[in-house]
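I've put the structures underneath this note.
Shared chain: chain A. Partners: chain B in the first complex, chain C in the second.
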Partner chain A sequence: MLRTWIARLGPALGLVIVVLVFALLTDAPGRYLSTFNLRIVLSQTVIVALGAIGMTMIIISGGIDLSVGATIALTGVMTALGIRSGWPPSLALVAAVLAGGFVGVLNGMVITTLRVVPFIVTLGMLGIARGVAKWLAHEQTVNVPTTWMNDLLVTFPRQGWLVLPIGVWTTLALAVFVAFVLRRTVFGRRIFALGSNEAAARACGIDTNRLKVAVYACAGCLFGLTGAMQMSRLRQGDPTVANGAELDIIAAVVIGGGSLNGGEGSILGSMIGALVMAFLRNGCQQMGWPNYIQEIIIGVIIVAAVALDRARASWATSHA
Partner chain B sequence: MNQRRILIVTLMALVSCRDAPKSKALTIAVVPKGTTHEFWKAIHAGAVQAEQELNALGGDSVHVIWKGPLREDDREQQVQVVEGFTSQHVSGIVLAPLDSKALVRPVEEARAAGVPVLIMDSALESDAMVSYVATDNQKGGELAADRLGQLLNGKGNVLMLRLQEGSASTTAREDGFLKRLKDNYPGIRIVSSDQYAGVTRETAKKASENLLNRFGADLNGVFTPNETSTIGMLLALQDMGKAGKVRFVGFDASQIMVDAMRAHQLDGIAVQNPMRMGYLGVRTLVASLRRQPIERRIDTGVTMVTPEMLDLPATKDIIAPPIGKYLPGG
Partner chain C sequence: MADRLSVTGIAKRFGATIALDGVDFAIAAGEVHALIGENGAGKSTLLGVLHGGTRADRGMMQLDDSRYAPNTPHEARRRGVVLIHQELSLCAHLSVMENVLLGAELSRAGVIDRRASHRRAEELLSELPHPEIQPDALVRDLSLPARQIVEVCRALASEARVVLMDEPTSSLQGSDVERLFALIRRLASKGMSIVYVSHFLEEVRRIADRYTVLRDGRSVATGMMDAVTNDDLIATMVGRPPATLFPAGVRYAIPQVAMCVEGLACPPRLHDATFELRRGEIFGIAGLLGSGRTELVRALIGLDAPSAGMVRVGDNDEPSTSASRRIREGVGYLSEDRKGEGLALALSLADNICATRPEYAHSALGILDLQEQSAQSSRWMSVLRVSALGTQQAARSLSGGNQQKVALARLLHQRANILLLDEPTRGIDIGAKADVYEMINLRASAGCAVLIVSSYLPELFGLCDRLAVMCRGTLSPARAIDEWTPESVMTAAIGG
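And now, the complex of A and B:
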């Protein structure tokens, strides 16, 4: 029990340190820590955070999904196309979520039936989804008429009582829900079992192939929602958007304590991982540092976070 | 206090910190579409030139921050940069929007938060900006069409490689080029005008190779609408041994293009004045912040440079702006 709490506190401590360092370094700490800036950082985190919720499920199950950035672009374009051709925005949103789920099912089916490793399958899907997105969009950005979809991630929602954009609340609610599912339901515990030891899970009577497809499908639905959010932020479907987002999303999960060997990871950790990167980016900009500095810092933090995690794990086992 | 100092020293060891702006200073953030093109370096130099001149004139000091999107040419990343400067509450932002629509929301939010934005280089579909400082891009395209039309004596097969959808500046050049060719040179046939170069030399070269492979056999003229697409096309022409055999007009100037003009592999470039754009962008925004009258639309000029004009002193200042004077190591 204590160990799991230490494991969860690790990334949180990292987040506090990042925020603190920039608050001390900046000549306008009031501005950096203002609610204004906090809202902006939270809105900016939504895309990576939503993606990271799905990615956490996949990584816990022992898989990986490199196609998430392309799926976001694809579903964003589909949302925009739907709205442009006169669908109600809610229908376009549902279509995007389902399309994301469909991509996930495809990934899962190919992984389980053709026995190709997830890294390769999703690498292929990265190209396919990106290509289809460009094809559907005729290699152009798809502009949409104004609907309530455009307001999902407006930094300052028109309805003042919301305080934060609807997209941020949605992300929080989904994070709590998926965290509950992972920790407290049979489905969730089976995902951990699958990632920890697939052979053992199968021996216990779990249909691992079906479970894998289900995990990729659930995560895909979340990626579809992420795509709709991305469309809302840019107010257009952009088939070239989120290029490389898969690396940010995987980094968020890994900083948050997820293990690429499977069986480990938490939604809370991944959310904190996403926030660490968003605060870093925001802080570096406020300090006026050039982009390459933030890329280097984020690179160092990814490696350091995982190295610390391993050190702590081996310390914990030797003192158990 | 001591801990704070240790932190600062540690980070200073990693990072060469900029001087913090003084309290009364005007902080102007300049946000380009990317940072690696020579075009953006010239804009940066112009912005620094304006900063130095304004500070030499006295009054409140002016501090220019230069920051491009983390991933070059990524709309979402540029949105984040603008949002970051808004929350930092800089005095004003000079922005070259990557997209005429995607940047509308952040620009309007910046204005609502009291941070005025001046748009340069590429249009924004909003009137939330202080002023629009840019090349008359359509005119640039028309100049290129005239040059190519004259070189070909009004007949032949011409290919145009577009840059990227959503980029207002290059789309205006492409449209200006096509319209002028159609209106004034009816004998010229456009064999392809719907392919995109993408934003890097690499993608432009690949697209060019594919197009030349398809249409190269009886091709007479080529037009490309910016630096990377022109260089990509040039490299493809050179690799295929077609450089110098096809009349080629490009856009913007960089050393490799000037060399190609001397080798008569490139027959003309429509040259903007990016340094003047960066300079006027900052000067105009500061003037507006100081409540001086400003123009809502400022044209920074475009010129057709031909190989014969290369050594004229007037040309030299445009094609090789004195970047190094303002940017150390630039």
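And now, the complex of A and C:
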């Protein structure tokens, strides 16, 4: 029990350290920790955090998805195209979610029926989805008329009582919901079993192929929603956006304790992982450090987080 | 007694290998039935057929008077037949309760009913006398014996009527064996049928009601456990020695020690090994799978660090060493796992053969001399009669026997004078075996020291000058081969 808690607290401790370090480094800790700045950080986290919710499911199941960034661009472009051609924004939103889910189903089907490893399948899908996005958008950004869709991620929502942007609340609600699904439902339990020991899961009568497709499909829907959020933030559909976002998203899951071998990971951890990166980025900006410094620091953090996690695991086994 | 499960005439071949060739056996409700036989006698394949992992080519199976032919383990489980693996198949990241109920979760509208699950898990666990196993404990925190209990519990959860246990005691210590036996008796008294696979005769005698002996894929004897002596069982298991395959060795005993091993331990499998390996001799190590034979060889070549003891090669008696150092000292190693660590299957034969000492085939500055590499490889390949299209062929494309010869050719290229061979003829055909035996014999005649680990007794008797037997991590004193009989080796191996 104690160990589970240490494992849960590990990433949170990392987050506290990052926040403290930057609060002390900046001349005005009050400004770094101001509610104003916190709101900015939270709305900046939404894209990575939403993606990380889906990615957590995939990584726990023992898979990986490299096509997230491209899926975000594709669904973002589709949302913009829909709204521009006069669809109600809600319909465009649903279309984006379904399109993301469709990409996920394709990934899952190829992985299970053609028996190609997820890394390769989704690497291929990365190119395909990006290409389709550019094709649909005629290699240009797609401008949209102003609708409520553009307000999902504004730092100060028009309705003051919301305090935080709708996108942040949505992310929070989905995080709680998916965490519940993973921990408390048969579906979630089987995702853990699949990632922990696929042969055992199959021997227990679980249809592992169908389960895999379902996992990629659910995660794909979340990536579709992420694409709509991305569109909302840019206020246009950009087929070149979110290039490399998959790496940030995977990093968030891994910093949060997810294991690429499957069977391990938590939504709470992944959310903290996403926040660690957002606070880092924001802190570096506040310090006026150039972009490349951020990249170096985040690179170090990813490796250090996983190395610490391994050290903790071996310490735990030797003291069991 | 009506039979719960009966099989007749089961046969199965894998490519050219005949794994099962007519097996009959039957088990009644509430019976513990032992399946015994040497390594490779077909026990594992038979279990595969029984639990739906493998499909038999021929034969009939009946479960409770209806036809039984499972296509998948899942189907077998639904019919009430469950295999408890030698390597346990649990999800280490999940809790005991989650593992026990995996695939049969108690839920309402997809949401797990935690209270009911907990109750059910506790109910199942309370059937077994193991109060220390908590339903909420993570399986990865449990000891090996406890994990086995969880597997048994899972079998109970799926309302199994026939439980197949594959070497259930191979990873257990004394008191845990007792507890497992108590558990098995309890299950049997409730009417469950238990197929118990083992080669530890003493254990089998204590737990089983009836036995069936497998040899070379056939069931050769069956009967009540009380009506047979261990000696009879061993004689049945060993069978007749096969025709001679072995070259008549004309060797000179050289009283020079090549490798001296004292009190070597490498937990958890290897506890104590002491012997001297002399130049010009072939030294055999017999023992059951998992007895610590492979761990001994791995410690000798420097792949695993021993926790105690000493290995001296020539003048070097440093306890800690590395494989690269051993190889420079002239020690050659043939892994039992040909595909996993023996060969680089995607690389060419030449690359594989020259892998240990590339410096024998490169020029100054470390640039590979491909022609030289190819020339040397083809020389060793012709010595060992490897049938291949050429030295640039990928190792993957060869048959098992030829692959094994390539792995041995590497030791020749290395000019190794101490050969450590782990299962040198596993899974290869008779012709290739004869070539391998000839090569081993020639090396020994040329003054090399050869150590052979083998599960195949006739091979050890045909080749070796001296033999020692490994039993549960402890190596017996070495004796000249004519002081051993197949029966005495078997007795030593099963700790009799």
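The definition used in the following text is that the second predicted complex is superposed on the first by the 320 of 320 C-alpha atoms of A that agree within 3 Å, B and C clash if a C-alpha of one lies under 4 Å from a C-alpha of the other, contacts with A are read in each partner's own complex, and residues count from 1 in each chain.
The rule is short, and it goes like this: contacts are C-beta pairs under 8 Å (C-beta built on N, C-alpha and C of every residue); 3 or more make two chains touch, one makes a residue touch a chain.
No experiment lies behind these values; they were computed from the predicted model shown.
Engineer: Overlay done on chain A, so just call it for chain B and chain C: clash or fit.
Structural biologist: fit
Engineer: Does the superposition put A:Ser90 against chain B (first), chain C (second), both, or neither?
Structural biologist: Neither: A:Ser90 stays clear of chain B and chain C.
Engineer: Output check: A:Trp289 vs chain B and chain C. Expected answer is one of first, second, both, neither. What do you get?
Structural biologist: Only chain B is touched by A:Trp289; chain C is not.
Engineer: Using the touch definition from the top, say if A:Gln140 reaches chain B (first), chain C (second), both or neither.
Structural biologist: first
Engineer: If we overlay the two complexes on their shared chain A, which of chain B and chain C does A:Arg189 touch? Say first, second, both or neither.
Structural biologist: After superposing on A, A:Arg189 lies in contact with chain C but is clear of chain B.
Engineer: Looking at A:Leu234, would you say it contacts chain B, chain C, both, or neither? Reply first, second, both or neither.
Structural biologist: First partner only.
Engineer: Tell me which partner A:Phe156 touches in the superposition: chain B (first), chain C (second), both or neither.
Structural biologist: Once the two structures are laid over each other on A, A:Phe156 reaches chain B alone.
Engineer: Contact-wise, after the overlay, does A:Thr113 reach chain B, chain C, both or neither (first, second, both, neither)?
Structural biologist: Touch status of A:Thr113: no partner.
Engineer: By residue count, which of the two partners contacts chain A more extensively, chain B or chain C?
Structural biologist: Counting contacted residues of chain A, the larger count belongs to B.
Engineer: Looking at the superposed set of three chains, what is the minimum CA distance between chain B and chain C in Å?
Structural biologist: 34
Engineer: Go through chain A and flag every residue that touches chain B in one model and chain C in the other.
Structural biologist: In chain A, no position sits in both the chain B and chain C interfaces.
Engineer: Can you list the residues on chain A that touch chain C in the complex?
Structural biologist: Per the touch definition, chain A meets chain C at residues 3-4, 184-187, 189-190, 192-193, 195-197, 199-206, 263-264, 320.
Engineer: Considering only the defined contacts, which chain B positions touch chain A in the complex?
Structural biologist: Residues in contact with chain A: 4, 7-8, 11, 14-15, 17-18, 20-21, 35, 65, 67-68, 70-71, 74-76, 79-81, 83-89, 99, 101-102, 104-105, 109, 112-113, 165-166, 196.
Engineer: Sort out for me which residues of chain C touch chain A in the complex.
Structural biologist: Touch list, chain C to chain A: 73-74, 77-78, 89-94, 98, 102-105, 107, 110-112, 114, 138, 141, 154.
Engineer: Please name which positions on chain A make contact with chain B in the complex.
Structural biologist: Per the touch definition, chain A meets chain B at residues 21, 24-25, 27-28, 31, 34, 36-37, 40, 43-44, 47, 139-141, 143, 150, 154-156, 230, 233-236, 238, 240-244, 281-282, 285-291, 293-295.
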